[in-house]
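Here it is: the structure, laid out below.
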Amino acid sequence: MEPSEFDPTALMLVAELVGTAVFAASGASAAVGKRLDLFGVVVIGVLCALGGGALRDVLIDAKPLLLTDWRYPLVALVASLFVFWFHPALSRMRTTMLVLDAAGLALFTVVGTQKGLDFGFAVYAACIVGVLSGIGGGILRDVLSQEIPAVLREDFYAMAAAIGAVIVAVGARWESMIGHWTLALTAIAVIFVVRLVAIRYRWEAPKPKI
Amino acid sequence: MEPSEFDPTALMLVAELVGTAVFAASGASAAVGKRLDLFGVVVIGVLCALGGGALRDVLIDAKPLLLTDWRYPLVALVASLFVFWFHPALSRMRTTMLVLDAAGLALFTVVGTQKGLDFGFAVYAACIVGVLSGIGGGILRDVLSQEIPAVLREDFYAMAAAIGAVIVAVGARWESMIGHWTLALTAIAVIFVVRLVAIRYRWEAPKPKI
Amino acid sequence: MEPSEFDPTALMLVAELVGTAVFAASGASAAVGKRLDLFGVVVIGVLCALGGGALRDVLIDAKPLLLTDWRYPLVALVASLFVFWFHPALSRMRTTMLVLDAAGLALFTVVGTQKGLDFGFAVYAACIVGVLSGIGGGILRDVLSQEIPAVLREDFYAMAAAIGAVIVAVGARWESMIGHWTLALTAIAVIFVVRLVAIRYRWEAPKPKI
């Protein structure tokens, strides 16, 4: 599919649907871990998957994707039900959840940053939009399940997203040379790797002096 | 009042004002139960009453009703003060709160779904908007009072809203035959009854397998 | 600078930047008190500083200032880092935090009310917008750090904001006589003083009767 290879909307669609599924799975897993019932798992899974994007769209004043494209809520719903019925074990696999969450963070941040640029916002603003769409769903998930948001506890969470957002927003100026997919996939890979390496090697951000 | 009988805006106004009052009462009751003072009770009551509608209006990009029609904040304020001064006992009547909450859920969900349709959103999108306006206020109330949202704990809460939203959104296609009020009141009754029956008979949604 | 003396936008810019800095400091101090690391302190500081304004802009459908003017996020970032590196002690100075918070409350409420009026909303609506932009950041800070929002616990918090908002919104009718700065600074002073006096003398709002 040569043509669509440089079509940002195609990348956005695919990436957002995958991100939606993994965030829904991450949210649903957290809910399963809290022993919530079917509806609780679905609601938190769906809100977690669509919250970041909705926050992004409301901020840049775009029509919320979840209301204009039925595939997003459907994917979120299916992924949540899948986790509920076939993988309650997921809730005990903390690693799986962290990896899913890192993937969703990477995908949503990059897609969100690009959407910010597409809507004509400045580089710094596109980065904020991107980071917010990346961390929004997870914050919603944690606030609803009464936990201090991972973004505040986990080292290099928002930081990983910020790095990727900057790569996309700044790199966009040379996009014609780099290529849209190359740029996007690079940023996604960077966020994903930084996040996982930070977890694996327990990178510690400085704590405040007493 | 024959003419207004088929006027959706008339139904929306009445239903939303009633829903606003009951949600404010529900939020204020929860706040009274938490022993918050006058201001805390009023703030949580008002936010709980207007939060769902504001969320809905921001998502569908409508001018927030609470900013364009003074009756909503006024009703929410009065209902909150009423609960504070005349019915602190309410806070001990868990049943009363649950019934109030079920009524608000039914009214806001139906009105929200119709507004979604009026704004030209697809059937599925109108359902999401309706459910969100129905559960938004309660989620806000619980998050602010540091509880895991009822929508996640209580069985058949979001589910009852979803059923009613589907009735309104799908039934709208035959509205000319069914009649606007008939359709709306049916959906409101269904949500209300399903919710109360679920509470009364402790309907249990499946829990995740270990 | 005679001309700009009556230029509302000038007042709004200065006041909002100062308010952004103090709210970021207030949020960062709370985060330092929770022993969060560098990123957690920055994220909560920035969200706390920009949350109220974003909420206001989304409600009145204005382009979020944080996305159109890089100075806001920059000021919020710098203030958060400043608190993290140079004043971890702040977290132990409860008084300092309360004063900073009162200043931010006063500035954001007044600026938010004026923006509501500038956008053509009714007096009561401008007051709601103003109060929400004043208390929004603090609510976000407390919800994210898992505390019952100060606005619900502290007496005369939302109340102080409401008084100032009414002064601005109602006084605006005689603004030509009173003068823009006079009106704004009076309201700011009133909110600030009422809030501090309420804290100092432990003004108690009535508690619900049992």
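Note that the chains take the letters A, B and C in the order they are written out, and that residue 1 is the start of every chain.
Here is the rule we use: contacts are C-beta pairs under 8 Å (C-beta built on N, C-alpha and C of every residue); 3 or more make two chains touch, one makes a residue touch a chain.
Worth saying up front: this structure is predicted, and the values here are computed from it rather than measured.
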Touch-based graph of the chains, sorted into line, ring, star, complete or other: complete
Answer with same or different: of all residue numbers used at the interface between subunit A and subunit B, are over half used by both copies? different
Could you put a whole-Å number on the gap between the CA centroids of subunit A and subunit B? 30
Multi-partner residues in subunit C (2 or more other chains touched) are 58, 61, 143, 146
Interfacial residue positions of subunit A with respect to subunit B in the complex: 31-32, 34-44, 54, 58, 61, 63-64, 66-68, 70, 73, 84, 88, 91, 143-146
Interface residues, subunit C side, partner subunit B - complex: 58-61, 116, 121-122, 124-125, 128-129, 135, 139, 143, 146-149, 151-153, 155-159, 204-210
